[in-house]
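As structure tokens, here come the structures.
In what follows, chain A forms one complex with chain B and a second complex with chain C.
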Partner chain A sequence: MSGIRNLIGLVYEGVKDNRLLWLLIIGFALFPIITHFADLPFWNDVAMRIMLLGMAAMGLNLVLGYGGMVSFGHAAFIGIGAYCAGISQFYGITNGWVHLGFSIITCGFAGLVIGYLALRTSGIYFIMITLAFAQMLFFLFVSLEAFGGDDGMSIDRAEFGFIDLYDPLRLYFLIWIALVVVGMGLMFIVRSRFGVTLRAIKSNASRVEAMGLSPLRFKIVGYVISAVVCGIAGTLFASWQEYVSPDIMHWTRSGELMIIIILGGLGTLAGPLLGAIVFLLLEECLPLLLGAAAPAYAENWMILFGPFLIMVVMFGRGGLIGLLSQLQVRRNARSDHRGP
Partner chain B sequence: MDKSVLELRNLCKSFGALTVTNDLSFTVEPGEIHALIGPNGAGKTTLIQQIYGAVQPDSGQVFLNGREITGLGVPERVQAGIGRSFQISNVLMDFTVLENAIVAEQARLGQSFRFLRPAFSDKSLKAGASKILSRVGLEDRAMQPASDLAHGERRMLELALALATAPKVLLLDEPMAGAGLEESQRMTEIIDQLRGQVAILLIEHDMDAVFRLADRITVLVEGAIIATGTADDISNSSAVQAAYLGSA
Partner chain C sequence: MTLTLILEQTFNGLQAGVTLFLVAAGLTLILGIMDVVFLAHGAQVMIGAYAAAAVAAATGNFYIGLFLAIPVTFASGYVLEFLLIRHLYRRDHMEQVLATFGLILFFNELIRIGFGPAALYSDLPRSLSGFVEILPGAPYPIYRLWVILVGLACAIGIHIFVSRTRIGAMVRAGANNPEMTAALGINIKILFRFIFAVGACFAGVAGMMLGPITAVQPGMGEPLLILSLVVIIIGGVGSVRGAFIAAIIVGLIDTLGRVFLPAMLRSVVDQATADGAGPAVASMLVYITMAVVLIFRPTGLFPAKG
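Our next item is the complex of A and B:
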């Protein structure tokens, strides 16, 4: 009993310290009510995409933001996760829990192998090696004709027992629950002794070594955890779009994940999710805005998106989270000035 | 006689044609402060690196409390009982002083692979960390970011982190480097207080500090030992004067 009470205490403490993350997640839970009354079911689809990419970005952020490892190949793990669902479906295994288990094991193993080899290097070499592994896997799946090769394959949505994923709301809340689990897990990890050590290694690996710890081991474990999180997102992604193709693991997606994290706030829990929300909303809205102003240019929405990204990076060190906390500091300073 | 804490036997290391450690043997005895001095380029830091495990010797052996540690890597040697401070102060700059000590405390306890409880709010870790800081008088600075510390305080923090692993022998690589007069005096006092608790191998250019602290002094020139002895022996040695003190 006291174990459970302790755990609840820890959850309470963690949620209290990460209000923004949990506000966003609660926002996702309430969002379908808005779309229902506004009769905009399409936006549920956008929200699911945001949650999935946000989840993957949160996974990558463990190594990128907290561990200081610039992995440019995390799309590969999304792809492996997606193909775990696709290949299972292909062989008639329709149970979604099996897909997830398969994905966790495969991504964990792939993360271990890639991490073990790539983490011997650092800096630009590490970026290039992770990219190279991702490209190898990309072309592996392109070459697998049995699973559709380049064109990919259509798949049915997985079966999660009583959760019928063809009911859009149930799919929505399955993804939401996955987001809660991932958010909770990462919240515990980054605050734990392990997470603190990972951050210490980012800050100064030689000092951590001088404390008698092997930085490589911690980095590999962090890498495996982040690979698994991306794999889970990929598996659900496959069910969501009822389709798997190598496109899902194109190298540009690795870049997209990095942009989402940097936009939201590197090394913060809420940053990647906030980044995913802003990134994908702009992706949806900028073409509409541009289309209204100059219809011929609607496709070229990136012309606005690029400068926006540059501005955030230049003026908001620490991304949108950094901007928010700067505003907070300024507001606090002003109310202090006025006095009680 | 007691067993030596640290013993080097016939250590050799060359980088290409340059011999930086030339058939070097010496010991550090329990509780003593053993200073290693020598002109720039004598191979002091390379020697420390070989004791620490960051550089492997070409031949020769390193023993800690009679146990050979020659082939081990850095983390294993630290666990075996070698502590170290670096020439350029080396702390976790993104963390507060207390957080620095907490990371060291959990590493000492072998608890760094735990995933559930938050580390920085853990009462027992905090208590252990405060104890680490009190050894160098940094308790008052606990909540400061390490990057806000003055140079001397940062060196103190580094010393505290090195002590946190409960080393049997402490390698101090120029702890006074870049410190002001007052900071040097404070550092000298603290090292003096450690005498008897832990064996110390001290590399230092500040001769006042060396002669005040060292129980024994070893003089290294071009990778070889030219003299070992008490402060008096060394200052009266004509070989040392010719090779080192005279030229300074």
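Our next item is the complex of A and C:
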């Protein structure tokens, strides 16, 4: 009983602390209504991409933000997840639940192996070895001619029992439910003893070790969990895209995930989702803006996006969440000043 | 037949190795001394290649292109350090990754606007085109041989500079312990900027020399960047000697692996499996090497920090 009460307590605490995450998730649930009445079905697609990338970034954030391990190779797990769907489809297994199970097991195993090997190093070496493993897998899939090699392969959307994914709204809500599950799972993990230990390891690993815990074991478990979350996002991504290619796990994607996290706020639950919203909106809107200002250069929106990233790093400590909480503090200070 | 093939591919591997070394030499110092994860080093390669190709196209002389591109890349490194990188020294690695990732996007797009998305091709001067027989019956392109020689000359130059000169001693001291070096009264800021600009310059030289062999296009430096990061990690961050040895190893493994591994596999397993797995394993070989090195020697083969 007390376990259940604790669980409810944890969820309640989380609701209080992470109102923003729930607000965003509710927002995503209501978003199709807006696009329906505004007749902008294209934006549903953007929202699905935001949710998928946000989900992957949330997974990476467990390692990056809470665990302090700068993994530069998480795109590999998205890719493995996507190829789990692709390869299953290739062999005629169309059931989406099987894809997800396959992806969870494979990504968990890959995360375990890569984590075990990579976590023996730290600092720059860790960044580089995770990148190397991601590149290894990238080239592995590039050279697998049976599954399309460099060009990738088109696949059908998976079958999730009664959920017909060719109905765009059902796909949307399948992704949404996955996002809710991942969000709640991560919220629980972050507040559990495991999550607290992980954060303690980030701030001082030797002290944790002195208390009789093995930091490496906690780090590996965290790495595996984040790999699995990225894998789930990847599997759904494949179904959404109806196409799998090594491009999905290009090293720049790992960079993108990091950008999303930093943009939103490192080590926060809502941060990655918020970051994904801003990142993909910029990706959609910058070409339009640039097209309006200088039509000849509409395709060269990256020329603005690169410096924007640099600005975020130079001046945006704490990301958007940090910015929001600063505003909050300022407002509180003002109302305190006025008195009751 | 096989001997000439092996010889030819070994030379190709050497050529890839010395080019990698030119990129890695500066980067290993940037990583080791300044502790900055600088991902935009590939952009310096691209800048060098474009500068050389553009000048060569404008003047019609390959060598003028080469010599004018050297100051261009030096200047670009110098300005970049002054404008951005010096503000990143005290930041953590993740922020450095992001800021320099932003730089990559910016430079690629800048080049795309300036020169268009299509690849530039530059012609070789007559004195460097054609073949030379390295063994009777084994012709080899003069240009690639020239690249190997220039690369080796640069490597020897860097080695003498680092191990014999006063500034080289400062560089080594900086790689070993930057705080102590600064405490001994060495102006570490100027040293950093100098190393950065020289490193950019060597990356640029690699780009210029690659120009006639590969396509000069936006983003051309990125595969080279990733490989040179592998080189640096294998050799040990901050060690120029390690970078040279690792670059040659990586260049040879990559080139020879791609050519001979499928054939070697075919003698062990059946044809179909070998044809399927050969190219896959060959392209992963470099990364497997790096993983193995890191597992047994987590700080690389020749760690600079003592």
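Basically, the second predicted complex is superposed on the first by the 330 of 340 C-alpha atoms of A that agree within 3 Å, B and C clash if a C-alpha of one lies under 4 Å from a C-alpha of the other, contacts with A are read in each partner's own complex, and residues count from 1 in each chain.
Keep this in mind: a residue touches a chain if its C-beta (ideal position, glycine included) is under 8 Å from a C-beta of that chain, and two chains touch if they have at least 3 such contacts.
Since this is a predicted model, take the numbers as computed values, not measurements.
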Which superposed partner A:210 touches (first chain B, second chain C, both, neither): first
Between chain B and chain C, more extensive residue contact with chain A: C
Chain B versus chain C as contact partner of A:218, first or second or both or neither: first
Touched partner set for A:193, first chain B, second chain C, both or neither: first
Common interface positions of chain A, toward chain B and toward chain C: none
Of all residues in chain C, those that touch chain A in their complex: 31, 35, 37, 84, 87-88, 91, 93-95, 97-99, 101-110, 112-113, 226, 229-230, 232-233, 237, 276, 279-280, 282-284, 287-288, 290-291, 294-295, 298-300
Chain A residues within the chain C interface of the complex: 64, 70, 72, 117, 120-121, 123-125, 127-129, 131-133, 135-136, 139-140, 142-146, 251-252, 255, 258-259, 262, 266, 297, 300, 302-303, 305-310, 312-314
Residues of chain A that touch chain B when the two form their complex: 10, 13-14, 188-189, 191-197, 199-200, 202-204, 206-214, 218, 221
Residues of chain B touching chain A in the complex: 73-75, 78-79, 83-84, 86, 90-95, 99, 102-104, 106-108, 111-121, 161-162, 164-165
